[in-house]
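Should a chain be cited, it is by its letter among A, B, C, D, E and F, assigned in written order, with residues numbered from 1 in that chain.
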Amino acid sequence: MKTAFAIAAHPDDIEFLCAGTLAKYAQRGDEVFNVVCTNGDMGHVEIPPAELAEIRTQEATAAAETVGAQIKLLGEPDEWLFHDKRTRLLMIDAIRWANPDVIITHSPADYHADHRVCSEMVFAASFLSTVPHIESEHPAQDHVAALVYMDTVAAANFIPEVYVDITDTYELKKQALLCHQSQVKWLQDHDNIDVVDFIEAVARTRGLQCGVKYAEGFQVAKIWPRLRPERLLP
Amino acid sequence: MKTAFAIAAHPDDIEFLCAGTLAKYAQRGDEVFNVVCTNGDMGHVEIPPAELAEIRTQEATAAAETVGAQIKLLGEPDEWLFHDKRTRLLMIDAIRWANPDVIITHSPADYHADHRVCSEMVFAASFLSTVPHIESEHPAQDHVAALVYMDTVAAANFIPEVYVDITDTYELKKQALLCHQSQVKWLQDHDNIDVVDFIEAVARTRGLQCGVKYAEGFQVAKIWPRLRPERLLP
Amino acid sequence: MKTAFAIAAHPDDIEFLCAGTLAKYAQRGDEVFNVVCTNGDMGHVEIPPAELAEIRTQEATAAAETVGAQIKLLGEPDEWLFHDKRTRLLMIDAIRWANPDVIITHSPADYHADHRVCSEMVFAASFLSTVPHIESEHPAQDHVAALVYMDTVAAANFIPEVYVDITDTYELKKQALLCHQSQVKWLQDHDNIDVVDFIEAVARTRGLQCGVKYAEGFQVAKIWPRLRPERLLP
Amino acid sequence: MKTAFAIAAHPDDIEFLCAGTLAKYAQRGDEVFNVVCTNGDMGHVEIPPAELAEIRTQEATAAAETVGAQIKLLGEPDEWLFHDKRTRLLMIDAIRWANPDVIITHSPADYHADHRVCSEMVFAASFLSTVPHIESEHPAQDHVAALVYMDTVAAANFIPEVYVDITDTYELKKQALLCHQSQVKWLQDHDNIDVVDFIEAVARTRGLQCGVKYAEGFQVAKIWPRLRPERLLP
Amino acid sequence: MKTAFAIAAHPDDIEFLCAGTLAKYAQRGDEVFNVVCTNGDMGHVEIPPAELAEIRTQEATAAAETVGAQIKLLGEPDEWLFHDKRTRLLMIDAIRWANPDVIITHSPADYHADHRVCSEMVFAASFLSTVPHIESEHPAQDHVAALVYMDTVAAANFIPEVYVDITDTYELKKQALLCHQSQVKWLQDHDNIDVVDFIEAVARTRGLQCGVKYAEGFQVAKIWPRLRPERLLP
Amino acid sequence: MKTAFAIAAHPDDIEFLCAGTLAKYAQRGDEVFNVVCTNGDMGHVEIPPAELAEIRTQEATAAAETVGAQIKLLGEPDEWLFHDKRTRLLMIDAIRWANPDVIITHSPADYHADHRVCSEMVFAASFLSTVPHIESEHPAQDHVAALVYMDTVAAANFIPEVYVDITDTYELKKQALLCHQSQVKWLQDHDNIDVVDFIEAVARTRGLQCGVKYAEGFQVAKIWPRLRPERLLP
């Protein structure tokens, strides 16, 4: 049994980008942990930030449950994730909480500053989580976890190196995404996107590329000592 | 008014990869010319090659008509396109026939050897078509045409640099593709693909990337003297 | 009519890297806005910083006027531009001030730390400027602007994807650059460069590449939702 | 059970570049087939070509046996492998002979022209082997095999995307390599390399990168329809 | 005579990655300066941080002496190197202390956050060290130094552009590395590596690539005005 | 003393792309050999091919003499250079004729098919020239020469890794180029370029990049066993 850990910037990023894969891990018996860095409180026009943060925490929790993952929200301010000592230490402890074999996070070239900062911090923290003299709530890991980058939003500027067939978990992915009801309207209004249509197109295209109905695409972080001579994904 | 020229390996490649863009050229009044290098005679299990070559010529002609393009088939043997002097000269004359401002062809990294050979020959011929002492049926061009590479099949390993909004011509693209009736069953059997579903997923993903319903993606050949300080696509 | 927005680190960067293009936007009737992040006060041996900041503000203002652009200087300390919350918010408001369709900024791989930080902040702010709950002096944008990177200094390590023919505006670019009289001597002394000779060589080489007398080169940020199915440059 | 197929240019290339992986396939019960394109007759100063071709055939056969692979030598002239119709057809039939799920061949950027030509032909033939109207000795494949590129000689200019732990099969790889006794002296004289020292350094470095004693590195050909949503290597 | 300057994140990084080259500089009469950013105090399980910092300072000093370099330790906290104004100013002064012609530092893509931050700060400081109005202990440089990136740890994801033959200085490199006795056990325990075996494999592989017994690999920073029309390395 | 060898497709390519460097080799006492693959007979509208071939042979000979190089023309048909056994053997013998330490040839991504074919053949032949059983007029080399790619025409899509300061030999380069009088008018008419203006812009831009008046840019072929731990260029 393996332990998989997904860490993303906003409450719905995991559902957009790797929930089909997480569900597949869970279905084969691996443990799955999710961490969301920010509270997502900027993600709406009408709902005030404080109220929205509450709503989105519940949405993210429901979504994680849908795919079979445990979840933790770090509650950092949405749109203002910065890579400082305090936040990096939060990341380190989040990784220690899950004690994963594999970490999945944003591509360092994704579309939003919070995504890039998250990715950069996870890169840093995935090594530091093993350093014993760095103290945090949970004990230091005794191994460095492997590191995998998930697709970018809209699959822009991203060539997958590894594909996961999510045909059997695509419905769970869709259900998990639809847990984020506060976002459905906002994304329609702010970015003119229908979320189901959005993930359908990307999952179909990634699927066409590797010969299945639906797929998610990933890149392996080519960084010592995070590389492994085995498949990291289900 | 401009003259656009698409040249591809097999009778249905243009429809898969750039017919929405060609239709858009045509609709705004540009002249559009298509050339197909091979006769496509290997593209079926049951229909014998010679018969299939006939059928596919008619299909390609109907498809070109659908988007408003003139067409010429070079009749080279399907699956066996090679870059020799005779075939390069065919390419040169094909380009001179259209006398284009812009040439669209396969990416040099596409999935099929015929596509790569086509791309490499078009690269060579797009310069040689202007050399006056190289004689062929049509006169030498007095300018070097710009060169653009279309998306790969299944959008694999291809980062577009230029997008064309084909929302208004997507139906024409689909109709043009469906002119290739001999291929619908073959592609289902040989490659397990539903052609309409296939182009839909890719056009939607390329559309998501640039903020429209449907799009096609392209790269500009960064090769002197084929670069231009202006948009080459509609 | 479009609105173009150039944002750079130091008072003369815009003139070096994209003023020919800005003049072209202005000449065809588009609105052009410039923002300079730092006060440029470190850019001289003999002139004291405070005095130099004054001089360079005037020089930048005159240069912007030359190409037909409005200008705003953020006054950050030269050589010490950092990506923190305060400065990112300045960027967000600067973008909202111009409310652009297209943003032009430094390549993330340019030669100076201030250039790279500026580029990274513009990437972040170009999305955040549309988030309604982020408050600043000017109202949130109702659309995400497209994002374009200009050439690096000396054209080093930069492959343009889009060229702009600046043959007709090259003299304006040169005049605008020469507004920065405080820099002419400094650049000769500090970096051993004659500014006119410098831009001439680069503009000629970029021109040769795309078949005109003078050109400027750009790359499109391949980031959702900043990609567009149309030409972003004049 | 899977079928793996390695195809390389010269009689000792497979041992240098992927024999540890082939042995691992074989040990877990997969079928392994090797094809060598040339007769290797140019690989010596003193042994005359015709005699050397005989010797190397025996050496390659012994090496294949060592790792548990069946082998076939196409007998093309060493140093003169060209991509023409006749040779491509040989490749197609070689693939059909093995009817593999996975094909391993040279990187298209490897150091020797024969390696590059082999790689390019395998790319072409791995699709054409499925076309029913292309006739050869063995029947057409009913599926397109996945395609994987092995490391370059000396690991030059190659970033592995997938690693195989060959710690348990490293001795077999070494024994298989040492079957090529005619080459030991030639490589020492012509290229100043001690073959065991050579593969040791590379296998150790690839091992360090992925956290094991010895490893071999590979890249996946990102080409439709050869991509798979599963690990292709043991 | 030239002045070479190596700057790295932790007390043993220089020995792992470029000490053979530094010894070669020294042996031909060039001046060599080393700077270590952090105190390395996190690098052990049992030795407490404060004590370890002392030990590692002595180890680094002995190692520098071994290759013939002067050394300075900036004493920043291990694992927590950040790019802020204070630390960048330390970097600027460190460069001014050495007043180098060539700066060698970590690749911006290396495996540890401290390495990446060091690389990014050196990029910034290598230009700012020449700005006269930035005051620090040592006087401003009158020229911008060339900038070179050393190999990554385990040679992962790094294609050298320049090689240095360290066959004659490999023993010195090994001796210098073994000065870091506190790390030998830690690296065995924490990362399961035998340090001598580690550098041997990498130096042999880099040596194979360029035709010598042992080599170190480097990339040149392709950034104006740090490029030079001459070899920067010994 | 070293032996440098430049091999290009057409009679004036060497002068456009590396003559400043060749003159520098010659001035410091190295031996320099040039080979031109084609007879250049297609390079004019009015002068008939046979006559032009004669003229261009004399022009190339005069140009080589200007920079201090010996020259040999292979006389292949202009615009129709193909990579077959006969032509590869010509290449092998041309390399053996010069017996070089360093080979300079076209980038594999240059603008003309003849340039790309030349580059590919030189890659192949630079290894095969050392194989003793391949017989040609001159004896086999006893070492594999290093391989360097020169800039592309118009510096398009090319990032130099190595620069050569040609300030002192720029006038010789210009004189050598002007030996090709038959081309001055043709290039003006066919490609609208003033040859002196053309090389001036590129040499100035490459010079700006590395801090000198005039420079030429190169890339090192990262291919074993052609890499060297030393500077290959003057």
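Assume a contact is a pair of C-beta atoms (placed from the backbone, for glycine too) under 8 Å apart; a residue touches a chain by one contact, two chains touch by 3 or more.
Owing to the predicted nature of the structure, the values given are computational and were not obtained by experimental measurement.
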Intersection of the contact lists for chain A and chain F: B, C, D, E
Copies chain D and chain E touch via same or different residues, half shared test: same
Relative to chain C, chain with the most remote C-alpha centre: D
Centroid comparison with chain B (C-alpha atoms), farthest chain: E
Counterpart interface for A-D, drawn from C-F, E-F or D-F and sharing over half of its contact pairs: E-F
Rounded Å distance between chain C and chain D, as computed from the means of their C-alpha atoms: 52
Centre-to-centre distance between chain B and chain A (centres being mean Cα positions), rounded to whole Å: 39
Rounded Å distance between chain A and chain E, as computed from the means of their C-alpha atoms: 35
Where chain A touches two or more other chains, by residue: 154, 156-157, 159, 208-209, 211, 222, 224-225, 227
Topology of the chain contact graph, where touching chains are joined (line, ring, star, complete, other): other
Complex interface listing, chain D residues touching chain B: 84-85, 88, 120, 123-124, 127-128, 130-134, 144, 222-227
Touch list for chain B against partner chain A, complex: 154-157, 159, 192-193, 197-198, 200-202, 204-205, 207-209, 211
In the complex with chain A, residue positions of chain E that touch it: 41-42, 44-45, 49, 79-80, 82, 109, 111-113, 152-154, 156-157, 190-191
Contact footprint of chain B on chain C as seen in their complex: 159-161, 163-165, 208-212, 215, 220, 222, 224-225, 227-231
